[in-house]
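The following blocks contain the structures, represented as structure tokens.
Below are two complexes that have chain A in common, paired first with chain B and then with chain C.
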Partner chain A sequence: MTQRPAFVPWFVLPSVLTALGLMVAMLTVLQYSIRAHIPGSLDVGGYTLDNFQDLHKSIYINAFVTTAWLSIKTAFFGLLLSYPLAYALVRTRSGWMKSTILIIAITPLFLGEVVRTYSWIIVLGNSGFINSALLAIGLIDKPLQLMFTQTGVVLALVHVTMPIMVLMLATGLSHIDPAYRRAATSLGAGPIRAFLTITLPLSLPGIVASLTTAFAWTFSAFATPQLIGGGKVSTVATLVYQLGFSSLNFPFAAALSIVGLMLTVLLLATFKWMTHSLQRVGAH
Partner chain B sequence: MSSSQYEKWLGISGRLLVILILIFVLLPTVVVTLSSFSSTSVLFFPPKGWSLRWFERAVSYNDFKQGFYSGLIVTAWASTLAVVIGTTLAIAITRYEFRCKRMLEAVLLSPLFIPHFTIGLGLLMLVAQLDLGRGYPLVIFCHIVLVLPFVLRSLFVSLHNLELRLEHAAASLGASPLRVVWTVTIPLMIPGLFGGWLFAVILSFNEFTASMFVTTQATQTLPVAMYNYVREFADPTLAAISVIYIAVTATLLILANRFLGLGRVLNVEASR
Partner chain C sequence: MLRKTIALTLLSASLIATNANAADKLIVSTWGGSFKDLIDKAIGQEFTKQTGVEVEYVTGGTIDRLNKAKLAGSAESDVTFTTSHVGWLYTNDGLFEKLDMSKIPNASHLVDQAKLSPNHIGVWGYVYTIGYRPDMVPEGITFDSWNDLWSPELEGMIAFPDWDPSHIIAVSAKLSGTDAEHWEQGQDKLKALVPNIKAFYTNDANSQQLIATGETSVQLLLSMNAYHMMDEGVNIKLAMPKEGAVLGVDAMGINKGSEQADLAYQFMNIALSPEVQASIARINRGSPVVDNAQVDPEIAKLPGMLTTADQWGATLDTDARLRAEKTAEWRKWFWENIMAH
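Right after this comes the complex of A and B.
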């Protein structure tokens, strides 16, 4: 890093403009959140804190609790299902197996939230796949209610976040030097012990990255809670949309977004703090 | 149980677990494929008869056609611009010092945790307040912001793995810094550039939540058009368009895997 060549400012300029646009947009959310709503108009009134006071109502508190709970459950179950796939993807020696896992696990990433949510509607519906199959083999005699429940939403959200989790975990796992594991095995550690003491701790950064992403994706998911929850599961995202486009109350939607953002930052900071202390425990 | 038997047992149960998870991942795809060929407009399992009528409707439905074209415009611009912005920034960040470097990086990576609806809402309110129209530039800018973190991540990895000596060699032979970047750094980054661009294309073409806020009837992308369709109709047209999506995507992925090595592009294989 000697002298800075003349082209560097030109290399940075496009990014600075993009960052400025994003920052101004976020400041606009902040600014709207402290403006009064004029019913029936898109223009906003004077400055006020009323929007934040209205957030005390139980419907909004419930939406926050539901969203946080959905995000935590999705991240947890997503990790549980993604880790074995990522592990198999990185460790398998058969090229055919590797390609199969990669294609099956990654293809859903290309399909987007809407297609995958729609597929789950057909799987979970009263005359859908699960209920028809269970009825046909006689395990149940009336359809299980899976649509419009939190369980259904979590199931679909886990499926939506899995590809990106598998990718991030596999990236982390593939950068672990296999020599460590071989050393542990040659010193007499069994496969499970080698996994628990070597591979798992070393893949912790990948785990944190994938949990963080799963969490953020779930928090921002809109189509899945809206379509599978069908109004019975209201999250911050679905409320913001309703407030913005049905009631045209943008100031209140902005206030809800701001509090949602603060909640995300808080939860992510907790995540980071927890893994930090975990790593410290591991080091001893 | 002897230790080799134990390991064999462990290997089998591991494989079984992976197969079960793969079935879970595939289940909705299989179910949606079966329903797309159903002859009835109300879905039953197994379908009562078979037909191709939903495919005909899917490719001739005007909102889908228009959504596809709008999506192509937005994705082409957003992914290409994101790669240009990402490449220049990644090179500047890894090779040079400048003021507010960390802050710039943090702001551009922040869409990884800022909910998409917040970004969409913010941009929507911004253009409303500045009285700018809600045209393609708004949607494209929104998508650039959302895909840039993924592009940057992929580019940082490829710059990190790059042999610095090659750049030093070029510089010591008298190449100017810009020439080094153009003739050595960027050509060596091509796999990473392609990986980042591929990621950007995928994410942009599928982006739904923020697009819902920033698009209008004229600029709505395919996912938004599909969402509006599910809200209005319950017939299997969406299953048919999903199957087209799945078939095209899987074909592209299999080709990408055969010719480029998907594992390397997606950075899930250790580079050797």
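Right after this comes the complex of A and C.
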């Protein structure tokens, strides 16, 4: 039997150090959340739970609900648009078509979120591409208000998350043994039935993974809700920035962050529990 | 032996060169974009011309740089440009040196509103006032008074900065017969403005984009930004309400522990020279904070330019220390009662 070299366990060290660093950062945030804010100073005061008391107000609860709802909508609509793209990417036999779809899917990743968001401001504006096109073809007689609305924020966030969702779905689809589909076809199943009874169930692990990732990513999104939302769409991240970071009230920002993190964990755990049986269907 | 000698010589030379380079530059912390260009063109290049020392710029947002300075523990820059009230936060946290004014002789000409604290002084002034697209507002509206912002004809048309409500708070307090220190008396007035608010912009670039594209045709904005957009060809007008525009003063200080303090004093003295102050007005329409600057009369008469004591006195001037203390409280109230609705 070949013995494992003695230095192999040391390869775990970087990840251990990273995990330790993250844990220290989280503990620091937790510590800040129970300290008092001193107006006009960057220092913090004694221990207190006052920072959490304000979060019971309905406007803060609304912000948490808005964030969760935006994340769910982004994940759902992202899936609707990403799945066909991922399916085409995996199923096409043409090399150049594969490359074209891949480039279209991942090119947005080459631009930062801020650059993409500024581009969406131009597209969504009253004089932007969408309104100009709809006015030109006569579908509307005055511009639709897309900026500073949840609709505009979701549109831009879907664009931000789509590249990752496409890649995750394509990975899941590519692991499905084509023999299953061939077997279904040989037994008389048409393309749609084969997709609904074979491909879709077997791609569920990829669907769940991409939905989870899109949800978690969107929950902490900042630049897009901040710029497209224009202060009218409040999310946890924009609140942390406006009420905490920019106001130098770090204790309150820390409290918002801790509650936001707990809500994310709770929602993701709930989603995992709900989809547990579905994932077992896709395991093969 | 020869090889070792050469290697040692090269190593020593590189170390000496490194140390010489460190002494040959002044590190200035500032905002990016047009403000960094202004500081370089008006002050930095003149400083290099007079002293032979290069200026290196470190850029970032006002609060970002404050946080970095707090966390750094030692001076990472020598001179910091910031806003008047955030300068008090630097001061309160011991991040600025106490200024030896005898080393800044040009500061003897500072206007009162620019004498901020023992640790930071003003470098240029501006106003926050009403900027609007004359081609997009209802006919006849000219914003002679701040009260015009509350006009029902402006429903859903106005944008405000999301990071600092102190300007509109000062305005509402004034219109309610008081001042920023007693701002609570203006709260009802502020709440009545909600139907006219369309959005909140998050930074200068966002402000410029929103008004240039017509997305928000009326804004409470910084006069220097408005003039920058006019230079870019955007059709914007600035109004000077009869109650007075809201004064803003940008400031500078020397970072505590700076090893280039002497150079920093020279830099600040050059910044306050009448010639440099006049060039700041010419380049970016920043008002001179010294009373001996000779500003081009055509520039001096522009709305928002402050070149006489009467003009400085006519502004709504919220004490910078009060702003520093009240920022968190104002922002929280503003978000809960205005932005969240």
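Assorted remarks:
Please note the rule applied: the second predicted complex is superposed on the first by the 271 of 284 C-alpha atoms of A that agree within 3 Å, B and C clash if a C-alpha of one lies under 4 Å from a C-alpha of the other, contacts with A are read in each partner's own complex, and residues count from 1 in each chain.
We adopt the following convention: a contact is a pair of C-beta atoms (placed from the backbone, for glycine too) under 8 Å apart; a residue touches a chain by one contact, two chains touch by 3 or more.
What you see is a predicted model; the values in this text were computed from it and never measured.
Chain B and chain C, once both complexes are superposed via chain A, clash. Once the two complexes are laid over each other on the shared chain, residue contacts for A:122 go to chain B and to chain C alike.
Once chain A of one complex is fitted onto chain A of the other, the partner contacts of A:221 are limited to chain B, with no touch recorded for chain C. Of the two partner chains placed by the overlay, only chain B lies in contact with A:12; chain C stays clear of it. With both structures placed on the common chain, the touch criterion links A:201 to neither chain B nor chain C.
Judged by the number of chain A residues each one touches, B leads among chain B and chain C. In the superposed pair of complexes, A:254 makes contact with chain B only, with no contact to chain C. Within the superposed three-chain model, A:85 lies in touch with chain B and out of touch with chain C [touch as defined at top]. Contacts of A:143 after superposition: neither chain B nor chain C is touched. By the touch criterion defined above, A:42 reaches both chain B and chain C.
Within the superposed arrangement, the part of chain C that overlaps chain B, taken from 163-171, 199-207 or 307-315, is 199-207.
For the contact definition in use here, the residues of chain A common to its chain B contact set and its chain C contact set are 42, 118, 121-122, 125, 127-128, 227. On the chain C side of its complex with chain A, the touching residues are 63, 66-67, 70, 88-89, 92-93, 159, 162-163, 198-202, 206, 209-210, 213-215, 321, 324-329, 331-332, 335-336, 339-340. By the touch criterion given at the top, residues 37, 39-43, 57, 59, 62-63, 118, 121-122, 125-128, 147-148, 226-227, 230-232, 234, 239, 242-243, 245-249, 252 of chain A touch chain C in their complex. Residues of chain B touching chain A in their complex: 3, 6-7, 10, 14-15, 17-18, 21-22, 24-29, 31-32, 35, 42-46, 84-85, 88-89, 91-92, 95-98, 104, 107-108, 110-119, 121-126, 128-129, 141, 144-145, 148, 176-178, 181, 202, 205-209, 212-213, 223, 226-227, 230, 238-239, 241-242, 245-246, 249-250, 252-254, 257, 262-263, 266-270. Across the interface of their complex, chain B is touched by residues 1, 4-5, 7-12, 14-16, 18-19, 21-26, 28-29, 32, 42, 81, 84-86, 88-90, 98-116, 118-123, 125, 127-129, 132-133, 159, 162, 167, 170-171, 174-175, 190-192, 212-213, 216, 219-223, 227, 236-237, 240-241, 244, 250, 253-254, 257, 260-261, 264-265, 268 of chain A.
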